[in-house]
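In the two complexes that follow, subunit A is the common piece, with subunit B as its partner first and subunit C second.
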Partner chain A sequence: MITTLDVKPDLAKAQNAAAGASKFCPGCGHGMILKTLAKTIDELELNERAVFGCDIGCSLLSWNYMNLDTVQTHHGRTTPVIYGVTRANPGTVGIAYMGDGGGLAIGAQHLVNAATRSENLLVIVANNTNYGMTGGQMSPTTMPGQKTETTPYGRDCEVTGRPAKAAELVASIADPNKSYVARASVSNLRKLNTVFKKALKNVADGGYSFVEVLSVCPLNWRTNNEGTWERLKTMEECFEVKEFLVKEGLE
Partner chain B sequence: MVKKLITQDTRMFLTGNEVIAYAANAAEAEFMYGYPITPQNEIMHTWCKLLPKTEAGFLQTEDEISAGFSTIGGILAGKRAFTATAGPGNVIMQDAQSMAEMMRIPFVCAVMQRGGPSTATVIYAQQETRLTCFGGNGEGFRIVYSTAGHQDLYDYMIKSFNTAWKYRFPTFMLADGYQGKMREPVTLYDPKSRGITMEPTPAALRAPGVIGVDREATHLRNTFNLEEELMEQLDKYQIDYDKMSKEVEEYLEYKAEDAEVLIIAHGIVARSAMTAVDELRAKGIKAGLFRPITIRPLPVEPMRKAVKRAKQVLFTESANGQLAQMCLEKLYGLTTPYQTLFKMGVGVTGDDIVAKVETMVQEMANV
Partner chain C sequence: MAEEIQYKGYKVADVAKGKADWYMFTDLCKGCGLCMVKCPKKCLKWSKEVGLYQTPCVEPDPELCIGCGTCAMVCPDSAIKVVKK
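Take a look at the complex of A and B:
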């Protein structure tokens, strides 16, 4: 006799079940990050206080991913929309979710200034080392030698500069008494959960948090599972995975 | 709740920028986001100086891009929020303004025009007329009031909030640095005393109720998958816009009833035109003024009637015909000849207009 297990999909309360099938490519990092984020929001019971903002880039595909009030904005502009919300409605746990292009190229002035002022929000940059949505061009975080559509022979740092280090940059300017800054990776979602927990707790207490998550884009990388994993390991050598700034007393 | 400073009619001698800050407070505006640019700075200066009394909010952002987008954030949070800008700031704020257009966000902005293109001059022009009406990659689903003095600044700043929140089209009060910087007597009043109730400002994000129990989560977006989906949405907006236009359109006629020469001007140039009309009439020339107050949407029907009645029309602006272009399209089919007096980025005086109309009377226009 065959018995089937009645297993329901493991959805967090902060995930929108009605959104249907994932809009991301199979194997994409965005889904892993968002699912972990949703789970952390559940754990901290922030569902009623959270407002989620997504950028243009593949992050836009999350416009109805969360079972949270959500606003999808313009490319690079998620940070000001969300700090606009939290300034106007303090107590809101604002989350600005974007890619490396949105965070470090077109929206860099918001990244820098929100960090300097240590605005009350969590900024998440999903770093997949390229412009995913527009077809895989070089982004500020493309690694030395990495092939993209606009660096078909590999990124030449002599010509295009060195990859941007978001977490290091933010940690050097954010207010140490208000901030939590870390880099995590989709290679370890349990650790990402811990990082998000601290980041969200800090924001819920009125602080500023920044989390860069090393992510994967198998579509534009043209990698299979093994290749994707290998690339992620290379990224972890290039971009140090650790906490850069932890406000005293934050656990 | 913010504290209102003006509880009874108060006569004051203020700069226009100060008037705007007082008006925003009278309208119970709760938050201003902004980035410094001349000639609008004193709006935020005044707003900040009044903060201990008003208990409102202010954020100086890193640029006008963020001023625009954080204003949107404040509005989505359910606050009567606004911003102010000018010139190059107005240019880079188009990004946020077009998002407000697409998502029907009750965005309110005071535009204090300065010279252009580029950095140009810092005090005066009417060269942001087209930009404010039609900027962004859209169709100009916006409402633009063009003011002609300090009482207007007070009245229309208050009105802008209500128009924006009632119809949910981004609403602009278009003025200039002359109006912003000069001092005039003005009557400040509590809108209530004029029978004006402020429209409610419900929050789009974090509205009352528990998600999944009392209400569904809100998912706001400005991206569409299909061309047809977008068109369907915009067709609806157009219907709303046309319906709103009839209720919102405003204009002022000054001795236009029997005018043989009809001057069409907006903003502060319309004030010069009023002096010119009086002078010309004293000289026996039947001049009159048609001043659109809403320059988007334009009061098309009354303007067509006034133009049809006149023998000649004069368009005059501190720009190279930005308003004229918008009007001429709406005057299609009429045959009244017109002439122009355009001074790019420079004020138009009553004398300029008198001299021009005198030549027009001697030598009839044939365009």
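Take a look at the complex of A and C:
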């Protein structure tokens, strides 16, 4: 029977409890990623220093998710906006949060230039292999053979090319002396927590961090709960989950 | 943050041989069912109570549940809480 409970849910201090339930769809991977990020910010006690930027797409629904200073911009421009903040206020821990559409298609120029210069921020790209907010169209990271709204017979690599691999791309151009580049997955949130911890520590020391997180999108994938985790396994075969670039001495 | 937020939900008392209490916040659960697959004992089943979008919530079998907290960790909306006693 439903009653008023005398206990509170396990929300991190960096999470905005007053906003109530998040605005994401049931089973969305953003909830898992942001929850883990908020927990990591609490653990490293960066609540006063962190600035959170969200992008266009489903990631913009996180505009009131965090109990941090938040800014929302368009199409991958989160990256330049946040490193503008960290340049103007040194010591700020800037977090740019975006999806694969914003980060790798429209905003790829910013991602590439920020990585080349290794600006002081943490870029998180949530990769769910489609454009979630507009109804599940093909995105740069759609896997070969995957059915989406715009590839009803499966993605044909002869016509549309191969999927974009963000972590490999960034690892090849980022400065190895000040960067941390990794790919993680929401199938293992403890691992994701350690990856975020390393990434945030690196940013707090003035480095550049990039984390691509393999995420889930049950509504646009049209999968049930079991099918969602199965699809995530096939994604982990296509996109290798590992650390690509670790600055020397980073633990 | 003027007033305390009140949460509604239900409690499954004494799971894991009385070592823990299991809580569901029906204001937060969206009924995605991701926790049911991740549960190592597969002891979660659909409940008669409904959540935020009028979809069924989940509840554990108190006999099988080991109180590990995997469901609470994986829940995208933090709708589950396991309190060890």
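The rule is simple: the second predicted complex is superposed on the first by the 244 of 251 C-alpha atoms of A that agree within 3 Å, B and C clash if a C-alpha of one lies under 4 Å from a C-alpha of the other, contacts with A are read in each partner's own complex, and residues count from 1 in each chain.
Everything below uses one rule, namely that contacts are C-beta pairs under 8 Å (C-beta built on N, C-alpha and C of every residue); 3 or more make two chains touch, one makes a residue touch a chain.
All values derive from a computational prediction rather than experimental measurement.
Of the two partner chains placed by the overlay, only subunit C lies in contact with A:Met32; subunit B stays clear of it.
When the two complexes are overlaid on their common chain A, residue A:Val81 makes contact with subunit B while staying clear of subunit C. In the superposition on chain A, A:Glu226 makes contact with subunit C only, not with subunit B.
When the two complexes are overlaid on their common chain A, residue A:Leu60 makes contact with subunit B while staying clear of subunit C. Once the two complexes are overlaid on the shared chain, A:Ser22 sits against subunit C while remaining clear of subunit B. Look at A:Leu68: by the touch rule set out above, it reaches subunit B but stays clear of subunit C.
In the overlay built on the shared chain, the residue A:Leu5 is in contact with subunit C alone; subunit B does not reach it. Only residues 1, 5-11, 23, 25-28, 30-34, 36-38, 49, 52-53, 55, 72-79, 81, 83 of subunit C touch subunit A when the two sit together in their complex.
Of all residues in subunit A, those touching subunit B in their complex are 13, 16, 47-49, 51, 56, 60, 63-64, 66-74, 77, 79-89, 92, 109-110, 112-113.
The residues of subunit B lying in touch with subunit A in their complex are 30-31, 33, 57, 59, 61-63, 65-66, 69-74, 76-79, 81, 95-96, 99, 203-207, 210-212, 217-223. Of all residues in subunit A, those touching subunit C in their complex are 1-5, 7-11, 15, 17-18, 20-22, 24-32, 35, 189-190, 216, 218, 224-226, 228-229.
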